[in-house]
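You will see chain A twice below: alongside chain B first, and alongside chain C after that.
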Partner chain A sequence: MDPAEVEFLAEKELVKIVPNFTQDKIFLIGGDIGPFSPSLPVSVPLWMAVNLKQGQKCRLVPPDWMDVEKLKDKKQEEMDSKFFTAMPSDQYMEVTQLILKSATDDIPHADEIRTLVKDIWDLRIAKLRSSIDTFVRSDATHAKLNHLTLMELNTVRPFLTQALDHMHVLRNNISGRIQSTQD
Partner chain B sequence: MSSSINDHFFSIDSILATQERLPCKVELPIFRLGYLDSATDGNDLLPGTKLEMPFWMAQSLCSRRRHIISIELPKQYRGSYREILDADANVVDLHKMGPYYYAFGTQLLRFDHADGSDIAKSLLMTFQMRFRKIMDSSRNSFNEDTCSLTNKLDETERSLFKAGQKELNDFQRWETRETEKLMTSKMVRNHRKRKRAALEEIS
Partner chain C sequence: MSELEEFGDESSEEVEVLTAAEVLSKLEQAWADEKFAPDLLEAKTDLVECMLEQINEMEENIQRAKRGDFKVSLHRMEIDRIRYLLSSYLRCRLMKIEKHTTHILEQEQMRKEEENSRLSPEEYTFAKEYQASMEGHFKNIALRHMPPNLQSLDPKQTAVRPNLDSYVFLRVAEDTQGVLVEEETVDTGEEIVDLEKGDQHIMRYRPVVPLVASGAVTLI
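And now, the complex of A and B:
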């Protein structure tokens, strides 16, 4: 999957905005949104929030977890734990990217948040890689990794599946099951 | 998938892997094929002649039913080379040892050779040892020349490396917001180029 596709999926995530215009309920396939009235917070999908923000029609309220203190705690937890910890949002990377790109002025300490999220991401990717390595070296046939997000999985998918394919063939060699030429 | 070492009938990789040379010894006289062995002038291949044959040919001449020739293991799959791989698989130049080291090794197991199970084990272990290096190098070389990283990899490993590079590039492009720029599709661009070339030819 392309990262852009993963991002597309993440755009369904709901975020709170404070609109500055009045509008009745909008009926969409994904559900009804609104009604909008000035300075009353309302939940909308991320794609709509980004769109409204670009038109200067709303102020974005950052999600609960997008906070310097909370992210610092999360980072520490991630560092201390040997395993993956549950992330506040399944799409933390994509949501951060989108919000920080379009609504930097609505997020307090945007720079710090960007760095922290990137740190957490790097920590998790390093963990992911070392667990893949242990998995490949061991003779295990399956592994269980909890709390991985879609984007993280997506960065290793084609590589990992190809490597496992290859190992499967090599394993079959040992057990003496050689595939015939034309199966 | 072109990368897989599963041998499919139409897979180019598999065809290339099975044309590796294999040292063989003729056990029964083969008539009128003397020209295969450049060392003799005779018309026939006599028993005891040693020569190299491509794998696909050796395969049909040496099986449980027919035993026209006997095969020897190529040197890169013999015990001494396996020991080198045992010691440290990361430094070995697998591309030199046969660009399709794993695929050819897998094919060799078809002859019920005494070393068969050892070779199979060595292939798996080699891959497991080299995996980390391939993973790390493919994911940490952004925008740089990768020749020095890939020239020791066997073809299967290279396709793995490419997959890793693609992921890295895709992700970097997304992170720097390159993906949202609209671009001409490759097909259209090439089509235009071709059209221009055709026009120039005419004029």
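And now, the complex of A and C:
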């Protein structure tokens, strides 16, 4: 899957905005949104929030987890744990990217948050790499991947799935089952 | 849209009633499943048509709306997003049909009366025509210049088939006990896993084929 497609999926995540305009409820196909009134926070999909922000029609409210203290704790937890910890959002990376790109001025300590999220991402990817190494060496045929997010899986998808496909073919050839694969 | 959509499932008698938003999220799931599954899944014609209807209706509403109305641009954006989803889904299916034409048509022929076809009627026509043109093309370009004993293509040898043993990532939507991941072989015992709701796994596609079809697991 293309990273842009992963981002596309993340764009339907709901975020809170504070609009500066008045508007009745909007009946979208994906659900009702609104009503909007100035300085009253309202939940909208991220794609809409980004669009409104670009038109300077609203102020973005950062999600609860997008907070320096909380992210520091999360980073520590991720460092201390041998396993992957549950992330506050399944699309933390994409949401951070999108929000920080379009609404840096609405997020307090934006730079620090960017660095922290990147640190957490790096920690998790390093963990993912080393667990893939163990997984492949152990000759296992399946693995449980709880708490990994779609974006993280996506970065290892092409390599990991193909390597495992090849290993499966090799294993079957050893055990004498001949197979024809054309993919 | 707040009103309810009637949504008929042809295989069963009961009629599911879904809101447009639910249809949309089902379609998103179908899109992801289709993207990651190595073989062609059953066509979700009902979902596609329902969404198309919604889009058309919404476009008519937009036509009637006042010019410069702020709402219109938001509705447009949503329509664009859904349209992208729809075309990406359909395009993904067409790519699979082009790649595995012979295999898919063979499956279609062997299909029993009571089974649902995996292809929508339009996709079936496309597959037929695509196969005919490819064969015609091969004949014109190369085969007729070959020695007489080599002038035919044997589908058994030439057909490209999906590799059902390829690895996929999946998320469990319904608890499923005792999925046989690996059959017993000489040197290894059989491997069985229990899938718990919410878990994510990586494994070969073959053991989970029926679960993907029933929606008990979703591909990610």
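Here is the rule we go by: the second predicted complex is superposed on the first by the 179 of 183 C-alpha atoms of A that agree within 3 Å, B and C clash if a C-alpha of one lies under 4 Å from a C-alpha of the other, contacts with A are read in each partner's own complex, and residues count from 1 in each chain.
Basically, a residue touches a chain if its C-beta (ideal position, glycine included) is under 8 Å from a C-beta of that chain, and two chains touch if they have at least 3 such contacts.
Values in this document were obtained by computation on a predicted structure and should not be read as measured data.
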Practice problem: Determine, for the superposed arrangement built on chain A, whether chain B and chain C clash or fit. | Solution: fit
Self-check item: Partner chain in contact with A:Asn173 - chain B first, chain C second, else both or neither
Solution: first
Quiz item: In the superposed arrangement, does A:Val136 touch chain B (first), chain C (second), both or neither?
Solution: first
Quiz item: Touch check for A:Gln97: first (chain B), second (chain C), both, or neither?
Solution: first
Practice problem: Classify the contacts of A:Leu123 with the two partner chains as first (chain B alone), second (chain C alone), both, or neither. | Solution: neither
Practice problem: Quick one: classify A:Leu148 as touching chain B (first), chain C (second), both or neither. | Solution: second
Quiz prompt | Vertex chain A; arms to chain B and chain C (CA centroids, nearest 10 degrees) | solution = 60
Practice problem: Tell me which partner A:Leu9 touches in the superposition: chain B (first), chain C (second), both or neither. | Solution: second
Quiz item: Is A:Met48 in contact with chain B, with chain C, with both, or with neither (first, second, both, neither)?
Solution: second
Quiz prompt | Contacts of A:Ala110 with chain B and chain C, given as first, second, both or neither | solution = neither
Quiz prompt | Partner chain(s) touched by A:Asp165 [first = chain B, second = chain C, both, neither] | solution = both
Practice problem: Taking the superposition as given, tell me the minimum C-alpha spacing from chain B to chain C, whole angstrom. | Solution: 6
Exercise. Using the superposition described at the top, list the residues of chain A that contact chain B and also contact chain C.
Key: 157, 165, 169, 179, 181-182
Quiz item: Tell me, which parts of chain B touch chain A in their complex?
Solution: 1, 3-9, 102, 105-106, 109-110, 117, 120-121, 123-124, 127-129, 131-132, 135-136, 138-139, 156, 159-160, 163-164, 166-167, 170-171, 173-175, 177, 179-180
Quiz item: Along chain C, where are the residues that touch chain A in the complex?
Solution: 1-2, 20-21, 24, 28, 32, 35-36, 38, 51, 54-55, 58, 70-71, 73-75, 77-79, 81-82, 84, 88, 160-163, 165-169, 181-182, 185-187, 191, 193, 198-204, 220
Quiz item: Can you name the residues of chain A that touch chain B in the complex?
Solution: 2-4, 7, 97, 101, 129, 132-133, 136-137, 154-159, 162-163, 165-167, 169-171, 173-174, 176, 178-179, 181-182
Quiz item: Touching chain C in the complex: which residues of chain A?
Solution: 1, 5, 8-9, 11, 21, 23, 26-32, 47-48, 51, 141-148, 150, 153, 157, 160-161, 164-165, 168-169, 175, 179, 181-183
